[in-house]
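Naming follows writing order (A, B and C), and every chain is counted from residue 1.
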Amino acid sequence: MSNLKGKHILSVNQFDAGMIKQIFHVADQMAPYAHRKKRTRVLDGAILGNLFFEPSTRTRVSFGTAFNLLGGHVRETAGMANSALSKGESLYDTARVLSSYSDVVAMRHPDSGSVAEFAEGSRVPVINGGDGANEHPTQALLDLYTIEKELHSHGDKIDGMHIAMIGDLKYGRTVHSLSKLLSLYKNIRFTLIAPKELAMPASVMDIIDKAGHQFTIREKLEGNLDADICYQTRIQEERFSSQQEANLYRGKFRLNQQIYTQHFQSKTVIMHPLPRDSRADANELDNDLNLNPNLAIFRQADNGVLVRMALFALTLGVENIISDYDCPVQWYSRKGEQ
Amino acid sequence: MSNLKGKHILSVNQFDAGMIKQIFHVADQMAPYAHRKKRTRVLDGAILGNLFFEPSTRTRVSFGTAFNLLGGHVRETAGMANSALSKGESLYDTARVLSSYSDVVAMRHPDSGSVAEFAEGSRVPVINGGDGANEHPTQALLDLYTIEKELHSHGDKIDGMHIAMIGDLKYGRTVHSLSKLLSLYKNIRFTLIAPKELAMPASVMDIIDKAGHQFTIREKLEGNLDADICYQTRIQEERFSSQQEANLYRGKFRLNQQIYTQHFQSKTVIMHPLPRDSRADANELDNDLNLNPNLAIFRQADNGVLVRMALFALTLGVENIISDYDCPVQWYSRKGEQ
Amino acid sequence: MSNLKGKHILSVNQFDAGMIKQIFHVADQMAPYAHRKKRTRVLDGAILGNLFFEPSTRTRVSFGTAFNLLGGHVRETAGMANSALSKGESLYDTARVLSSYSDVVAMRHPDSGSVAEFAEGSRVPVINGGDGANEHPTQALLDLYTIEKELHSHGDKIDGMHIAMIGDLKYGRTVHSLSKLLSLYKNIRFTLIAPKELAMPASVMDIIDKAGHQFTIREKLEGNLDADICYQTRIQEERFSSQQEANLYRGKFRLNQQIYTQHFQSKTVIMHPLPRDSRADANELDNDLNLNPNLAIFRQADNGVLVRMALFALTLGVENIISDYDCPVQWYSRKGEQ
């Protein structure tokens, strides 16, 4: 089995099937802690450097909460405006200094490759929390983990599944990363539904193809799709060459209960990387899907905490001793009931 | 006795006399912890989501400190500029996601009603830390708690007291909320002193009246007031229709030691929601009152920590087991001497 | 021996030789905790108010980490834009309120004298984390501590050493403070190398002179310097009266491996307050010095954590009981190997 102790988590490309299995196995063990059935002090005294040089409230808080749930402290920064980086400091220097203030770093930065550059100077494991258009591996892992759990609850599995990806497949970082991770599995059918201008890039298509998966490309949502998973991503209208072009697609990639019933199976799981735009004219998931039990978007967010707890446990080498530090939860919580 | 376990704290309107009594009883028990006579680990491992979508240093830190004093972790956000809310995410979605990262939420937001809307999507108790011009219930509770403690030290009580409210009674959220809470008591005399343009709104007057209290309305501070409490609020000059109008009132609603001696009893307690504007031309409390032992403004701030500790203990259902987790304080502190 | 329990740390001027000795003795004891050989819970339950009214990521995180390493909680604020200070609140009021939310305060503020003013209203010890152009005593202490440790590893000591200070000696706060601390030692040789427009101020020269130290003043880096320490500070070109003037000095105060070899001993320790500007045209330390074992700049940053831990321990009076609260480190760390 792979060993992530002391390793950086920078890219989905670094994972093999064994690592994924190990991460998900540890994530499964984290559920009782996140659901407040019990708590652990395994990382009591440890310090997370939660370095968000680009703001992202939910990802930042998710990493911080994951570390607190393991018993650790969190030191953090949110935003770059006044950091030394803006005064010409190299990422190497920043890393040498800031990494010495913590036991593990979670980092987001607007520039592609910046987190890997930081990792070279870091004295502690670095987990990439998103480096611009490049990578956001914990999002990809939580998406894959959600797919596995949702399918498992239907008695299904990832090998052989049918996934529909809808929306902006060109700029949507999450669908690229997820597609790469899915290349570790077998016989998957992809239905890729996007405006021509926002189609899945050739580089990703190539990965899907080389993995031996099948794919179908469509420019709109039509017909009956026996998909197991429907993964929706936001279309930002400024991606189109003109507003006229954008208008052609407005509302065509939206999903609501009526459209869902028309095109999908009654068990198709609905996913989205969040946040979703809930304004009326958004090309997104409608609020009327909130009552649909297959809407997995909030379970995705919850799973993000489990996956991040697992990555902290593995990079810090405590995955096998977590329950040695168990304590009871003495306060009232309904989390276990959810 | 009322039970706040698992409940949201959204508005002063939700309290009855029994709840107030319970909250203050628990707040009393918090004093030895805040004063560092001892400490408790009752919420060790618990996580507060301290979500300030509008900045407010003192309220945010007060909530965070209250939670730390009970032994818990704090994850927080300060400011909305880059949050998903600004990209069209609904408060329901924000709540579903962020509330799952904590055991209880304290939230401030610039929009009226936003905290209640968030609470509908939240999986954990939400405490309103201020939603625009609407509500700030913990401020009202700490004001009322301060009044009770200050009067008690004089051998007096809230029933039958005389309170003078001075300054901007129209836009001052704190005096409205406090007036509502005082409707739970008996035979109070209100002296309401405000420029005509900034008089107490009819809706609040109505509540005072229906509670059977007496009130006197004045447009300036004059004569001898046998008030037990003098509650001052800031007048912001931009509230007037013209600078000319504002100039008419400049300095008229200011309070300094000389004015205090002229109009109040030697035991009248001076309160203010803070911050006070200490610049020379402000319509506020003068710094020369700092030596007056009846100046209760910093005791108000201290009481805010006790009241917030009490609300965390009650909503998380640990109010009866706090001392089971007592530990000694091993570091030097003069807090107990204050 | 001097006693810092309950004291503010505001200025380098408050230290005598005994205090310095005590602080460094405690800092030495902190190394095993910072290096994760063991951990301590001596400040478990204590709260640091980390009040940064001016942003400074590394100093803020360094203080926070130092407190976490002793087991305590950190509440913090970063930036002043929305604080009550901007609405006319006095520093006295801010201090009375915010200091009651913590057991010790670390504070940075853009205005000279502001931290001392805050300290007057504070109920707990205040450590100055930089007040504008005035003071930054923890930087001076970590610089001095680094000098002592680096010299000690060569079998040398501060008395009798030769220190070269290079760059902006006029506006560089760190070289002023360090020079003041060095006045507590004997027979030091200073070589002060700066553009004429950025020479060391007479007031500091006077302190060096009165301490009986020797000094040489130069306008450029030339000849062989048998310096034990080379302390470099950044030259900001906007300090010159004209760009033409600035151009005269461009690159003249830069240090790289070739220049180092030409002018210094093979054991000369290279220091810098950080951050350094790593852009090609900066008057700073070149990245090619990263491989030079005498480059102590990152050890300086590490020592900052030890010195801040020592100041927290001393002001909170726990310096002699730290190891009573020792625990093992249960997670993987390579910090001890550095």
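Keep this in mind: a residue touches a chain if its C-beta (ideal position, glycine included) is under 8 Å from a C-beta of that chain, and two chains touch if they have at least 3 such contacts.
In this text the structure is predicted, and so the values were computed from the model without any measurement.
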Between chain A and its twin chain C, rotation from the CA superposition, multiple of 5 degrees: 120
Same-site or different-site touching of chain A by its copy chain B, using the half cut: different
Whole-Å gap separating chain A and chain B, where each centre is the average of the chain's CA atoms: 40
Multi-chain contact sites of chain A, meaning residues that touch two or more partners: 73
In the complex with chain B, residue positions of chain C that touch it: 5-6, 42-47, 49, 73, 75, 77, 81-84, 87-90, 92-94, 96-98, 100-103, 123-124, 315-318, 321, 325
Residue numbers on chain A that touch chain B, as the complex places them: 36, 39, 41, 55-58, 60-62, 64-65, 68-69, 71, 73-74, 78-79, 274-279, 282, 287, 290, 298, 301-302, 305, 327, 329-335, 338
